[in-house]
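Handing you this structure, nothing more for now.
Letters A, B, C, D, E, F, G and H mark the chains as written, and numbering starts fresh at 1 in each.
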Amino acid sequence: MKVKEILEQVQNQKISVEKAQQLLEQPLDYATIDFDREKRTGISEVIYGEGKTARQIAGIIQNMLDHDCKTILATRISQEKRAYLDPLFPDFEYDELARTFFYHHNNIPHNIGKIAVVCAGTSDLPVAREAYITAKFLGNETILISDVGVAGIHRLFNRLDDIREASVVVVVAGMEGALASVVGGLTDKPVIACPTSVGYGANLDGLATLLAMLNSCASGIAVVNIDNGFGAGYMAHSINNLKGKKT
Amino acid sequence: MKVKEILEQVQNQKISVEKAQQLLEQPLDYATIDFDREKRTGISEVIYGEGKTARQIAGIIQNMLDHDCKTILATRISQEKRAYLDPLFPDFEYDELARTFFYHHNNIPHNIGKIAVVCAGTSDLPVAREAYITAKFLGNETILISDVGVAGIHRLFNRLDDIREASVVVVVAGMEGALASVVGGLTDKPVIACPTSVGYGANLDGLATLLAMLNSCASGIAVVNIDNGFGAGYMAHSINNLKGKKT
Amino acid sequence: MKVKEILEQVQNQKISVEKAQQLLEQPLDYATIDFDREKRTGISEVIYGEGKTARQIAGIIQNMLDHDCKTILATRISQEKRAYLDPLFPDFEYDELARTFFYHHNNIPHNIGKIAVVCAGTSDLPVAREAYITAKFLGNETILISDVGVAGIHRLFNRLDDIREASVVVVVAGMEGALASVVGGLTDKPVIACPTSVGYGANLDGLATLLAMLNSCASGIAVVNIDNGFGAGYMAHSINNLKGKKT
Amino acid sequence: MKVKEILEQVQNQKISVEKAQQLLEQPLDYATIDFDREKRTGISEVIYGEGKTARQIAGIIQNMLDHDCKTILATRISQEKRAYLDPLFPDFEYDELARTFFYHHNNIPHNIGKIAVVCAGTSDLPVAREAYITAKFLGNETILISDVGVAGIHRLFNRLDDIREASVVVVVAGMEGALASVVGGLTDKPVIACPTSVGYGANLDGLATLLAMLNSCASGIAVVNIDNGFGAGYMAHSINNLKGKKT
Amino acid sequence: MKVKEILEQVQNQKISVEKAQQLLEQPLDYATIDFDREKRTGISEVIYGEGKTARQIAGIIQNMLDHDCKTILATRISQEKRAYLDPLFPDFEYDELARTFFYHHNNIPHNIGKIAVVCAGTSDLPVAREAYITAKFLGNETILISDVGVAGIHRLFNRLDDIREASVVVVVAGMEGALASVVGGLTDKPVIACPTSVGYGANLDGLATLLAMLNSCASGIAVVNIDNGFGAGYMAHSINNLKGKKT
Amino acid sequence: MKVKEILEQVQNQKISVEKAQQLLEQPLDYATIDFDREKRTGISEVIYGEGKTARQIAGIIQNMLDHDCKTILATRISQEKRAYLDPLFPDFEYDELARTFFYHHNNIPHNIGKIAVVCAGTSDLPVAREAYITAKFLGNETILISDVGVAGIHRLFNRLDDIREASVVVVVAGMEGALASVVGGLTDKPVIACPTSVGYGANLDGLATLLAMLNSCASGIAVVNIDNGFGAGYMAHSINNLKGKKT
Amino acid sequence: MKVKEILEQVQNQKISVEKAQQLLEQPLDYATIDFDREKRTGISEVIYGEGKTARQIAGIIQNMLDHDCKTILATRISQEKRAYLDPLFPDFEYDELARTFFYHHNNIPHNIGKIAVVCAGTSDLPVAREAYITAKFLGNETILISDVGVAGIHRLFNRLDDIREASVVVVVAGMEGALASVVGGLTDKPVIACPTSVGYGANLDGLATLLAMLNSCASGIAVVNIDNGFGAGYMAHSINNLKGKKT
Amino acid sequence: MKVKEILEQVQNQKISVEKAQQLLEQPLDYATIDFDREKRTGISEVIYGEGKTARQIAGIIQNMLDHDCKTILATRISQEKRAYLDPLFPDFEYDELARTFFYHHNNIPHNIGKIAVVCAGTSDLPVAREAYITAKFLGNETILISDVGVAGIHRLFNRLDDIREASVVVVVAGMEGALASVVGGLTDKPVIACPTSVGYGANLDGLATLLAMLNSCASGIAVVNIDNGFGAGYMAHSINNLKGKKT
């Protein structure tokens, strides 16, 4: 029974105030969800799937649905967890590459500007796609430009018009992450750099890429955590948001 | 002799084309300045003073002036270098705390939104001020809110209205850098987190703060390099820029 | 045969002193247990299950029971090891989340003060629960407050009364660990901060959180090892212990 | 003029309300002091001297005096800063080894328990003394036991009675920091371990000591930042505080 | 056919010199074994099993047997590799805990002094046992003293006579590794410290222990690699060797 | 259908220009291959198999074959991926040790100089072999000298003539990587050092070896990433290439 | 007296064989110089000035001159050491930026190919110049292209012809070091990447740059130590050397 | 007045027992010296000068002299501290390179075996000399072989006889520290490896060398802390000691 229904039943005197209070106060003992958030910001809390059991995730999703959340995004959902969640929430989509599980009642881009997600190599795609799906989920027109690493820089120049059309650029790259600096030098829009853990040993699981991006010689670049495609997509949205909504 | 004067003298046939070419092609042997940048983006190249000698900096500034640059910003200018530069460029200002040396022919905020630079402690002020001066220099209305670290969180809440009024928030903090996450949870505007190297031994010259900020549990945060107030201010400007110019 | 029984048999002249000596001197060849500890401190040695085989753990437990230990706690007991131990020690409890296996002949809180375990996110729960179970096992009234991370700081303020009522506060958090500083700023009780290995790549398996907590700008905070819920619970107990016992 | 005097003058109609407001609202632009703290907790904010100029520190101290703070402690005050501060605040004491500058209107121990600061080697003394002075400043009976490192463990055993008499033990050590584990194994009181940056190259400026202490095999130990004698002393006080005040 | 047999057949003119040369020159293409070593030093090359396939290890062993090696030791032999090797070399022993596979034609201690391997906790036993087996294999009288970590230091004192009787002491410990310093302070014999990767997160897979041991405040301690029980045992032997052989 | 065939069909008017364009513009959505590269440099793009799915790799190979690539090399192909690829591309070879999957229409060495790949231990062979296969694939006469680590330095001296005959030497070693310095001191040819992740704990997955090689006291050494046999072989080729082609 | 003179005097029976032997055997007690090296390789040993006293350096130079060395290069010579050395060796040159002190009896380029040293920013110049001077000293035609960092990538494209003309390219860059990858993608010549310690805090004194360069996505790149301009120049020479000498 | 004199005066009834007790109980408040040590082990405590003030060091030395210590060694004594100590203790020697200040009443080698200190380069000499002086101070015949780094390996082979004659070998090296492995492979005596902080940036102040030495592929090597010449010399002595004393 959803919160709204409970309240209606109170109004209709179908259940006592005491009973209603009891129902509403049945919280999850492992999660304190900020239901108000969707009302305040248009986006409900995002569920970070790593380190939570499939059952906990299902519980949180159900709890959010019970409170009338209309947009739900869960990231880092492994194939195993997905197998558990899929039958429970048939209206949800799952993106295999990005490992996201999500539901949106009405996902039409409503922000004015565009977001470009630029990806260095095929191995970086899972993270890039997490950024892409997040940005789209949050209501932004988004394009994904893949495999334009700097080792063959003409590939990047071929896509420059697409990149320059965007309000915000997300650069997803592993190895030395040089793509962030090169893109940063070719546009005057804000660039969100997202390092990935792709590379040989001295990549140190993405730490080398992260440090490189933080040291970029180009201005107008800021960095999110390693493999944090969600964080990059969210930051890009929060910037693009400033340009206003389509009317 | 400035580039424009050289070209006028060519036009007026006061000097030969060969002579003009020779004058124009007298580059600095230690720096290749991108003079076109100011025309393209409204901002000329910024001079990073660290690791350059005072003479090299003076040479670059003079070279920029000779090419009619109207806005010049040099960062990381120590007191020693300033002593050398001041007499040469009397029109320039120097900010002691931020260690910046700059000149702006007409510095009126022209961007629409506001930038708030929020600073955790007094020891973080030099970096915060570098961010503040950079953002103002680039044409943004900017406020600096200092000493509102999370150990006494009511100090932050007292300034929440000012923070929420801004389009972009820069958070400058050392130690554990928790201020970034707390501010990030209290606003839906993009937050640029700038770690400083302030703290006891395990701060590792700002590395601990940097890592903490990259791991922020709040969404809508991206991070720049340690003590890189300039980078934070520039990124904030490049975001605020998206809202358009005052007419 | 238990030590006490052996000694009684000596007294009753059922076995010779030589035989008794022999029985008592049959030590484990892989562990030297400090049986005296329970007598001295009221708490017997705690078994750290990681890196020990299930058979070694069973041997140690049996050895402790043989020496009349009345309270036994084994931490880091995986599901596999539990499967081996459960049938051997049917009186023991197992906490799935905290991965602890324990027995207490009479577990009533006997310390005067209270301990509050405050946990940032659902993914941090296993560690928080290890702290919670440890503190309770050692005889303290303990509450567990979960999912009150700083990204939605009002959730924390809702529970502030509970936190302030405690004599000692354990804060369990991953990512940037800012919760420790915020709680530290809101209470004047000692805070034990326990970092977890929850987070994206640059969390470095909890190292980023650990460093952040060590750099806390709030006073009255000390830190234990990454994911060391047991250590946090034990330290909280040893502090709460100072307030004296219920009579 | 102090805040109280201002208010009296308003009461006595010596100055207008407007004038009083103006005087009271003259804040420091670089520091937001939490004057209320002393009233709430008995201890006013402590000034961390590192990274602040001598002038800023003097300004903060004056501001605190103006608001009737009765106990003021500034840490990390170099000889240079002290030379500036001494003539301005002749009532203050300076401890050369601990590099602290402080004033206390009436420093008699008022907490019931005792604190023992145990120090491994002579080179660790500056940090140990910062802990010692902090604990005493905050109203605790405190003893400092120096040069009892584990290489000559009988020196420690000679002092065991003193250590066991304390409610809380602070262990200050550099190099491998083994003293913390050994003391932790010999007492059942809470131990605050404070690593120092004393040692040969692989000490990594105290990082090796810090990590060792965090990995202590003894229970009931928690750790503060490298060379953070103040933090150790404060934490010890906040624990000792639980035992209650002398009447 | 063994080298000796080949040479006999040449002598007996059963095979031609050319054939013999061909047989002797059939080397392994993946390993260049130093067969001369056993003659020079009494010990043949030791096989490091990690990163070699079971087939490669078998090939090397066979090759050594073919060249009349009389003592063969292979370390880091997993259960899987052992399953492959056991049927091929039925005369070899396998130590499950130490994961060593070895053969010795006549393993009677021939060195004069004794070696003591002292082990902090049960979880450190696999490494300690690798040291113990290595030292015995190389001809030393060796004892293994386990679970005498510093958290209960009386356990160590109980075994002090055994330790002081040895010519060389190997200390195997994880976590903070304090045992090395304490033992180092209690004996004037050389101590070889061997860190293990046992501990919570900030142990960093043994790096914390390693650094701690390198920073020992006791003199007469040197350190080998993490979990390198073989290296510790070998070093202890090479020191004990100096005392001379039994006659 | 290959690009050439498509173009022939256009020429033969079997398909329309529009249809041809459509066929040619069907790119892979996950990879942007630089087909021009083989024409420019004689070597087509190399496929880095790590982090790509078997299906993506197959798609890229097919795409390259469709564009008439005559030499294809895919590295880091696990046994699982190979099982998928083998039936699809029966003309390809697979090297089990080096984990490379490759095809060459005509692989005769055409460069003048020789490359020597020198390998410290048997455990380093997989990486050494990746270097060896890469160098041969790119058209160089290459030899592989294995198991000549510095612990038995006479083994190296036995092979010195082979090493000195080469134009470029690749040294592949784990542990302390001393082989690079020793070889570097014995030849005046350029040495490419390739660290491997072979070793006990403090090897830090090859980081220790990498750092050691970068610090080599011998001149004429440069380093590639950990376990990057491909990179070492490629660099050696690009150097050997300077000597010119066989005619 | 030089070695040659000593030998002549022996031949002429001016001094006894015993006296000569004595003179020749007066070695430096702090340095064992490999005088044979110049004969073998054409280049005498290079003196690494860091960590040697000015007197030791002078002693080594004198010793080399006494043995008829005709080319002497000392690197890392601070202004202080130069002040001591200059009057002693008036024939030597000193390069202030590169901090090298050197003498060459006849420095005409004799290698066939060219070396290009490409430098990202003005702050990287000291290292780039060390590479440049080393390469020239060793007999190579060398050019230095400065300030062509990727933030303004057109500056690099303007100099592409010069770069492509070289046989070997040295790339010197700090910060994120992206220049190495971009250059590597634009040339098929071997690239030696030399990281510098230029950048904000997270540059970690060049470590971030070093790691980035090791992770370059471009092939044909190998890396030397941080700020090791000498090593880069030497490696470039040893490669260029393969092309042969001018006749 | 020395302890012995005090006791004699008590015996002679020149001073009262109370007075004597008072005199004997005047300890240093900053150091607890283990005077018994010299009696037990023949060597009094060594003073680590780093982090102690000159006055503290003087106090400790005087205190030791007052207790009849006959051998005193202080390490890490800077030129500044020496200037203070020299006039106070005219019988002491100072070694400028090793920075040691010491006194020995009768320093004749009394141990049977020899110690060889082998040093890679001139820049490593200060550390090597600290090891050399320490070993000699402790009563060992010691030789110092300098500048035999592996880049010119024949220099090492020239000195092999000297090295093989020693009972214990100390190897002091910076950079990649390969000398330890090479020496370890050429002798069957125990090798103590002492890394120095000599090298370019990625040496990380000796950490790279330390790690390399810990990873040595040669057996019979153990490692001491970075730049810890004293520790290496002491360990070598404690090993050599096993061979017995000259009679």
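FYI, contacts are C-beta pairs under 8 Å (C-beta built on N, C-alpha and C of every residue); 3 or more make two chains touch, one makes a residue touch a chain.
Since this is a predicted model, take the numbers as computed values, not measurements.
K.L.:
I need the common contact partners of subunit B and subunit C, sorted by label.
P.N.:
A, D
K.L.:
Counting contact pairs by residue number and requiring over half to coincide, which of E-H, A-F or B-C is equivalent to C-D?
P.N.:
Repeat of the C-D interface: E-H.
K.L.:
Which chain lies the greatest distance away from subunit C when centres are computed from Cα atoms alone?
P.N.:
Result for the farthest chain: G.
K.L.:
Can you work out the whole-Å distance between the CA centroids of subunit A and subunit H?
P.N.:
Here subunit A and subunit H have centroids separated by 60 Å.
K.L.:
Distance from the CA centroid of subunit E to that of subunit G, rounded to the nearest Å?
P.N.:
44
K.L.:
Where the centres are mean C-alpha positions, what is the separation of subunit A from subunit E, in Å?
P.N.:
52
K.L.:
Distance between subunit A and subunit B based on Cα centroids, please, to the nearest Å.
P.N.:
About 30 Å, centre to centre.
K.L.:
Among the residues of subunit E, which ones contact at least 2 other chains?
P.N.:
121, 152, 174, 199-200, 202-204, 207, 210, 214-215, 219, 225, 231
K.L.:
Going by the touch rule stated at the top, which chains touch which?
P.N.:
Every pair of chains in contact is listed here: A-B, A-C, A-F, A-G, B-C, B-D, B-G, C-D, C-E, D-E, D-H, E-F, E-H, F-G, F-H, G-H.
K.L.:
Using the touch rule from the top, collect the residues of subunit G that touch subunit A in their complex.
P.N.:
Residues 120-121, 149-153, 174-178, 180-182, 184-186, 199-200, 202-204, 207-209, 211-219 of subunit G touch subunit A in their complex.
K.L.:
In the complex of these two chains, what residues of subunit D are touching subunit B?
P.N.:
Counting only subunit D, the residues touching subunit B are 29-34, 37, 45, 48, 50-52, 56, 60, 195, 197, 205-207, 210, 225-228, 231.
K.L.:
If you look only at subunit H, which of its residues touch subunit G in the complex?
P.N.:
121-125, 146-148, 152, 154-155, 174, 198-204
K.L.:
Quick one: which bits of subunit E touch subunit H in the complex? Just the residue numbers, please.
P.N.:
Per the stated touch rule, the residues are 40-41, 46, 113, 167-168, 188-190, 192, 210, 214-215, 219-225, 230-231, 234-235, 238-243.
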